[in-house]
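Here subunit A shows up in two complexes: once beside subunit B, once beside subunit C.
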Partner chain A sequence: MKQLTAKRYLVTVFGAMLVWLAVAAVALLVGAEDIRSFDADALWRVIDYRLERVLMAALVGAALATSGVAFQALLRNPLAEPYVLGVSGGASLGVILGSIFLPGAMRAVTILRAGQAVVTLDTVGLCGFLMALLTIAGVYGMAQRRGRLDPYRLILTGVVVNAFFAAAIMLTAALAGDRLRNEIIFWLMGGLGGLGSRWEEMGLAAPLIVAGVAVFAVQAKGFNLLAFGEDTAASLGLHVERHRRTAFVVASVLAGTSVSLAGPIGFVGLIVPHILRMIVGPDHRLLVPLSVFGGAVFLTVADRLVQMIPYEVAGGLPVGVVTALCGVPFFIILLRRGRRMGGGAT
Partner chain B sequence: MDGVSFAVARGELVGLLGPNGSGKSTVARLVMRLLSPSGGRVLLDGVDVAGCRHGDYARRVAYVPQESRAAFAFTAMETVLMGRGPHTGAMGFESEGDHRTALAALERVDAVSLAGVLLDELSGGERQRVILARALAQEADLLVLDEPSSSLDIRHQYDLYRLLRGLARREGRTCLCTSHDVNVAAAYCDRLVVLGGGRVAAIGRPADVLTADLLEQVYGIRADVVTQPDGRLVVLPRIE
Partner chain C sequence: MLRHGVMTVSWLALALALAAPGCRRPVPRAEKPPHERTVVSLVPSVTETLFAMGLGPRVVARSSYCTYPEEARVLPVVGDARDVSFERVLQLRPDLVVFNTSDARFYDRLTSAGIRCLSPRMETVDDVYAVIDLLGRELGAEAQGERLVLKLRSELLAAKNLVEQRGRGDVGVLVTFPATVGGGGDVRVVGRDTFVDELLTLAGGRNVVPLDRYATVSVETVVTWAPEVIVISAPGDIAPGLTDEQYRSAWSRWDAIPAVRSGRVVVLRESYLTIPGPRMGRAARLLVGVLHPDGAAAPENAAQ
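Here is the complex of A and B:
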């Protein structure tokens, strides 16, 4: 019942960041390999690899969780999540088509930067991102009604678009050869690992994700007002159409970026906002920054668990499997205990 | 609607009456800028409201809708604090002063004890009081209420209007209420504006406006308008 002062905000956000740093540190040092006996060289390689995955988990987790918060607020529906409007379908199809049709030589684009640094970009991921952008534009166009972005039309359009892409992906998988089909299925589970270094892709995605989160942080007050409907929100000073358009585009771009980086990892965007709501309540001014670190922690933990499974048992299990498996029981426990979940009628 | 024209003076409690579909809600929404007029203008203190910026307007006009449901589990206090939205910055950080204003608003509607309760756990009447508190927290000079008592029991209906009249008299706030209930409106409003057939059928004090002829003309009912010895005006429809 206390008011949210700037001081309380900063303290909470800083606290969340400390929690994430602690979790990240543990994730770097604890793993399937016991690093205490390693020599400096091997140690560096392992830490480097883990650092990449921890940062990737942070980026993707933050993007998915904040996108989930935004979609739930925009659609006034606690069941909304980042993939509800079809962006993941589009990005996935883009990645799959890219990996089929791009000849081997074009898989990686090498850019020579001024000086000596060589930057290698995975073009398949870029294909996914471009398809995501096209999907966003398409959904945006289809969901317009008299110049306004209608929430109901958004959801229906999303359903249609998701169905379309699901069918297209199934068709592609059916027509593909066995090896490619396995790759597609594996990729669709969503995972943070990959062949080769992903630093360049993360370097491209990071500013986008940070910018998106910053926009949401400023939009959080508006998300609170929207919970009472557009009329009330407008009467309290919110520029409803502009707010909605911006939030939709940013949330979709964050979802598309995540999928292009790590495939369609499920559950994070749905469950992290709910867990946070049970802890701090539905105030979006807190939910947005906390879901940055909440999503990062969630995905980091899930990924670390996945990596600790011995290779012989289930090698290279995608993290998307774990997010769903671990997410469900945790969610049920909190559901039975928590009171401030969801809300009234939409 | 054609040719609807009326003025509301500062500090007045004005009731907007009329049958279903006569345009009461439309007028309320026009004043709130949720709709824009295809012809004519809405003026606030002589200035066309269309030119006002969103944030400015929210500091001058507050809205109490007919019913309020929140998509997420906000408490009464959190709801009222949102009324400070037009006064807080982009990030929405609240000050000690904002908290005091919100608490004072809850006091005025006699709902301080409900502060920590989830909005959806309140009864209809309690919820309406909290929403009214939110409008008060906006510190706006004009309150527009769209059938504020339609889901309230008889006691809370009268309580609400008594509260509105108090706000108008003691704080000089202007209140424009649409209403279905002729008797409650007649009891508390300074003036009534009666809409019918897309135009204004009558404007004036309740005693002057509410006549059997007007009621028949506008609502299509046959009624007796009775003035009690203590001055109360009561509309009694004839039961066929």
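Here is the complex of A and C:
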């Protein structure tokens, strides 16, 4: 591992931030329609709308990519990603059931009223988030043994929980009417929102995601130690169990939050950490901050591409389609290469 | 050993005896006179048409989507858009089955069992007239069919006259299906070459969507189309529990669109707006009220 100097750290992180800012700026200027075709009134609305999407992409991308980094280190498996433990399935089912069964009057709750400004909480997203928390508790309960979290048991539990939620979602879709079923399938592809304003949801999710990233930044050194194996890490002073538990909960909460916001957008959490590892190496002290910007850039670019496909060709394509299409070939290359790319042994 | 062999042979014989009737070529049943024929309708608009022609008593089964009129609900259900129970249809021994074109495999099985099948196109106003005519001939109800066609033609004409009376120029309209799952994505719009498009034109509107059939577009594109009226089609049976205000509020930030600026975003709960059939006269009148409101004649939800 290359020596991490303060200079290298600052240059890399600030460089990544500049790249993101540049991409975000371009993303405000290009979209579904030519920016020059709007009059002054409409122009500000459209910019505001694009800014919302860019920030949504940043939040969701950062949450997924950092969560992916953490899961790969935690499970010591290069193929791990934020959805591997079934949290996304739980959150998805929560959002879908909330969308179908919540009566209109309960769709939003006012959480703050200050003069003219009213802040409301979208309860459909909240359903997803609560289901994610329940799933995390369930997976932990099933995977732990006397408070110990074994990576292999964790993965196996995740596979089963994922299968269960996939079946539950299929059942819901099968019982729903035609139009609702179409919507469910579209939502499951993942998208960054459209018509209605989502600033409030983003405002609520942002502190959670920032806090999660901060926890990983503190844990980064521990992730590096874990790569040498549990015993070595413990002998070097890492409290392995506590570290693992925290990483598991925080990474799962980030995954659940992003699914509640934008649906299960695939592959961001898998390929962004790997791409970054190829560029800067396996040091998590760099990987964690870089994956924040890497995830944001990747998802912003994917969303712009989707938006710029002319509607006569394939209008309204969900962003998850593009990320998955980019992700699958990469996944195959990764498997074929068969060399160590993860935070530890394969 | 021998007993075993005897058993096997007798089982085989029994199986053959049971299977034999099924293997026989179907004998076409004696053709009943048209006015005695019974029918299974698996298409909601056809079911509705049959009842409107006064042929309700001749309908023996329906699909789970055929829920209008109220009398149709008591009929047994033999399938939905995805699957039809061949056995249940056979039990009912109808003379005629009307279904969607998507069920083509089903067609062969029924015709080989001696049951007549129809899968008429029902997408435009003219299709509706043609289907009424066809059902009239098949079921010996030509006179009822002619009466219904006449009634529908006069209703549509009346709607057209109403527009001319009110003397307004054409209005740019966007018809959209709202998203209900997870906050939704882009905007789903109704394009050209649809029944709704035909009705819009008839009701003195101009569909702003330049695309064929149904499409999903970015809201940015809707801004460039600048519709003067936005119609949100949200029948109660599809959209769970949202209020009109909730549907409208999704558009509220887009005051750059003329329809939003002038408050002409209308939520229509009537399912018949998108169903070609005997209620199309009502649908046309509803749209006239929305596009060209005129005091008392305008439905309440048009004047926002």
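In this section, the second predicted complex is superposed on the first by the 316 of 346 C-alpha atoms of A that agree within 3 Å, B and C clash if a C-alpha of one lies under 4 Å from a C-alpha of the other, contacts with A are read in each partner's own complex, and residues count from 1 in each chain.
Throughout what follows, a contact is a pair of C-beta atoms (placed from the backbone, for glycine too) under 8 Å apart; a residue touches a chain by one contact, two chains touch by 3 or more.
Everything numeric here is computed off the predicted structure, so don't read it as measured data.
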Contacts of A:I169 with subunit B and subunit C, given as first, second, both or neither: neither
First (subunit B), second (subunit C), both or neither touched by A:A220: first
First, second, both or neither for A:A27, with subunit B first and subunit C second: neither
Which of subunit B and subunit C A:A70 touches, first, second, both or neither: neither
Doubly contacted subunit A residues - partners subunit C and subunit B: none
In the complex with subunit A, residue positions of subunit C that touch it: 81, 177, 179-188, 211, 215-221, 223-224, 237-238, 240-243, 246, 249-251, 253-256
Subunit C-facing residues of subunit A, complex: 31-33, 37-39, 41-42, 45-46, 48-49, 95-96, 99-105, 107, 122, 124-125, 128, 177-180, 183-184, 186-187, 191, 193-198, 201, 263, 307, 311-312, 315-316, 318
Touching residues on subunit A, where the partner in the complex is subunit B: 1-6, 9, 73, 76-78, 217-218, 220-221, 224-229, 231-232, 234-239, 277, 281-283, 285, 339-346
Interface residues, subunit B side, partner subunit A - complex: 29, 32-34, 54-55, 57-59, 61-63, 65, 68-75, 77-79, 81-83, 85-86, 88, 90-96, 98-99, 102, 115-116, 118-120, 138
